[in-house]
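One chain, subunit A, appears in both complexes that follow, with subunit B as partner in the first and subunit C in the second.
Right, the complex of A and B next:
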């Protein structure tokens, strides 16, 4: 009787272990052939798996759904990779980011969030991590990244351009979310939600000299043109000509806590915040 | 059937290990709570830092994402971690001086003691006071519970002039040892620490204590100030510390002397292998050789007759994926006054000369995953010159070997628990108290290292 019981127990445990292995292996192996390509580097999802487990799982979760064990304490919430939607891209709104976009995001981190700069990791590690992040979303199997938008050469900043940028800020109604002074306190600010219906705050330009998706004028230009997918920040590619976008860049730079030529010019101009309700001249 | 009987425990064990290894590797309380990052983000296996953790530390415990100021934390957040290690250990020493009819300390016997025990308690409180102002406070209790000290207490001003190349720290802090003893992976009493971080030539010791020099402890936290800088990705880093030559003791026990510790290193990205780092250090200073006397004892703070010492060397961290090596080399030099226990107001004995030595260790880690690590360290110290000609050339040489493993069944973001097993053996030539032959000690350590 005892021998029979032991035999049964043996098989039950063996079956349980096998089932666990098979389930785990099934989950892991799906999409594990995913690669990323950054310059001469090739990242492999299989190599990225232990790195993801080490660095990312606490926030983004084992399934990449942004439901890691720390997610409940984090605001803004970690990205849900299964959706294949990313804020920081060089590609048009609604399209997948390039591998380089994700590579840069991991290096740079995401401002005003818990996502740190992962610059200390090796380039290879970051490339492997990107391949693993991509494996969570079927979009990376069925779609290709959009074509990166072209950023034209930056023109010389002038008083006229800054004034034109301020006019654009008013015309395309940036102020509704970002506020008339760019402090993130516009009339719509409290009503904004992200694509998963979670409250989200507009960017306050007075807080920092960086942005969520970079720190340079070119990065800011790209943000207007590509939008931040998954957030209420739309793409203005169809509404802004390149010159208008550069004007807006110069104006917004005058709001940030940094010394720039644009800011000097704005001070000389005595630029005052817009009055959105004033009749257009 | 017998096979099945034998197989069942093995299978259960395998299943246990398998299930355990599936658990996400997360933890380290104070910072993990603040940032929501797994502890494995900063530690190869805690407490050993990985390249990201070193950068976090060098940034002043900041992630640099504009969320570092404590104003972002829930008011109930309290940046405190406690760490203690209940354990069983066995200590064996082959030659201990004991009293006999012939007199005090007149014979040597082998001793062995074992039993359940407790480590001291570290209370680690650290983080930021504001953006770019960081701190660490570590009140520490001995395991007897009646001795309290400040292991660390410093404030640091980070990214001065908006550059990571300039950070300024003042207080009591660990010297900028990339191979950190404070984050050491070995705990046993014989071979748990780095011999070279505490080495004093045996000829300079009387009954295990220095005759006059109490300054040179690279592994001890020191009181002073430090200027430190690094590149944005931390690949290049330097630091310069000016410290009082009091070995971290408060109330100026020695007097008016200072030491300087300078180190710099460069890391290289080697793709799949990892990040390799090489660097060097130079530690030099002065310390008093005699004191004013009061009732026959040294009068604290009146040390004078300063004489010099220095230690210099190189270190490297080599990574081959999961296998890594911490390599350390040291050359040491102590003034003849220290070596012979002579005050600078006296004449040196005939033939007195500087004590010099060379030493090195290689510490190997195999990090199977963030929850299981194997450690081995071999360390050697060789005297190259004794302070007096008549002393045997090998007097004070050390051979030390340590083997350890740590398994972390629990690594949540709120707490961590490591099962720690270790064996170490240390042999020093000439250290036997009576026969002046080689003294060998060994430790076995089995413990539960936890923090929360």
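Right, the complex of A and C next:
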């Protein structure tokens, strides 16, 4: 009888311990169990935590809210990961980025900000960091990334395309913020603020051969199609067909400081900056 | 075996009855639904509404030559009626009525570089049609608060763009909307559950299709915040609830 009771008691205690473990494990798995998937790589938040503490915490803060001890000296401010809002995405405005998008951002760094390139980190480290960064926002538990936009194959750059791109630059009014020459000095430039109401500058295309979200033509295509969430840069996906978008890419390449084929063609054309207030022909 | 059938039959009937009761909310329409009417008023001097300088975008300024648009943070009509107040039932609604979603889309228009109307109110999940009638590019940039359950986005609408539809996932009074290109443009999208109304230029409002019951009614105005009061709606009757906000 006694043995039976003891066995019974043991069973109850074991069940209770198991249940407790299971719940605490479950709670942890909401955060630290977060994974990232980049190609064949799988990143784990648990492995990303020590890396984050070493490399990221100074600016992005221990809570991932962008309030690290360096944050007050930095402009633009470090990203607040708890909001789950990211500039560089291949996905529509208002949706989460893919793991690849975040992976690329860490590698590339963010131009004109204090976010450096993190190429010295191994791919596995970066995948782990992505998982840890994602664990800060409940959005990554409740939502899936948006459908990545399709970037069709890049056509050949031609004089017609550059002229059409300039017309698009004028029509969709990129110049309102970026200026008629793309120098980031348009009529609305001075009043721009980000989502936290902090002043923010539009991109000056004459500054550099890279952009905030990459250096390739495909990156540029994605930037204006998806928009940079958290900033004044809107998505133009609903308003540009793929051909229009490529034309615009080629035109923007004529503005940049480096030598490009598009720039040569523009020089041959004698392309002048747009005059937005000229009467339509 | 027979008993089992009987039991199942009774259970089915009970479940059906329960469901019918649960979903009777939205069907409380013209017949037994009451309404709430009233006026939102402002006592004291309204905050000064300065004329907007649109000269940075001549396309906008040209549409208001000689008659500049003023800001709309406090819009007062005759007899102190406060326009653009959102009135909604914040407590006491049965689940059916609270979860009913109007199939009628609400238009949020951009005209003369101003939002028309300045404030809209919609159900959670109700379609909003964002339209533009301006010969200039706008970007529509709603900024829901963090943790509200709504996620912001930022889309452009160059001249001639067709309207697009959007919805909100969670109640939030109210989501500010701005256009970064035209920094004077401000509007609000109030997302609520259940019957609601926005006060007109006289400050009056009518909330239709309110099932009989005791409710807490909330009025929100962007500058003066919220006020609540209790209201009882009888079947087929009209209840009155007036709100008064105090200006400085």
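In this text, the second predicted complex is superposed on the first by the 251 of 281 C-alpha atoms of A that agree within 3 Å, B and C clash if a C-alpha of one lies under 4 Å from a C-alpha of the other, contacts with A are read in each partner's own complex, and residues count from 1 in each chain.
Quick note on the criterion: contacts are C-beta pairs under 8 Å (C-beta built on N, C-alpha and C of every residue); 3 or more make two chains touch, one makes a residue touch a chain.
The structure displayed is predicted, hence computed values, not measured ones.
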Which superposed partner A:206 touches (first subunit B, second subunit C, both, neither): neither
Touching partner for A:82 - first (subunit B), second (subunit C), both, neither: second
First, second, both or neither for A:62, with subunit B first and subunit C second: first
Partner touching more residues of subunit A, whether subunit B or subunit C: B
Subunit B versus subunit C as contact partner of A:110, first or second or both or neither: first
Partner chain in contact with A:198 - subunit B first, subunit C second, else both or neither: neither
Which superposed partner A:272 touches (first subunit B, second subunit C, both, neither): neither
Subunit B versus subunit C as contact partner of A:144, first or second or both or neither: neither
Touching partner for A:119 - first (subunit B), second (subunit C), both, neither: first
Partner chain in contact with A:172 - subunit B first, subunit C second, else both or neither: second
Touch list for subunit C against partner subunit A, complex: 56-58, 136-137, 139-141, 143, 146, 151-159, 161, 164, 180-183
For the subunit A and subunit C complex, residues of the former touching the latter: 82-83, 85, 92-95, 139, 171-173, 176-177, 187-188, 191-193, 195, 227, 229, 231-239, 277
Subunit A partner contacts - residues on subunit B that touch it in the complex: 1, 4-5, 7-8, 11-12, 14-15, 18-19, 22, 24-26, 32, 35-38, 40-41, 51-52, 54-56, 63-67, 232-234, 269-272, 274-275, 369-370, 412-413
Residues of subunit A defined as touching subunit B within the complex: 3, 6-7, 9-10, 13-14, 16-17, 20-21, 24, 47, 50, 53-55, 57-59, 62, 68-71, 73-74, 109-124, 207-208, 210
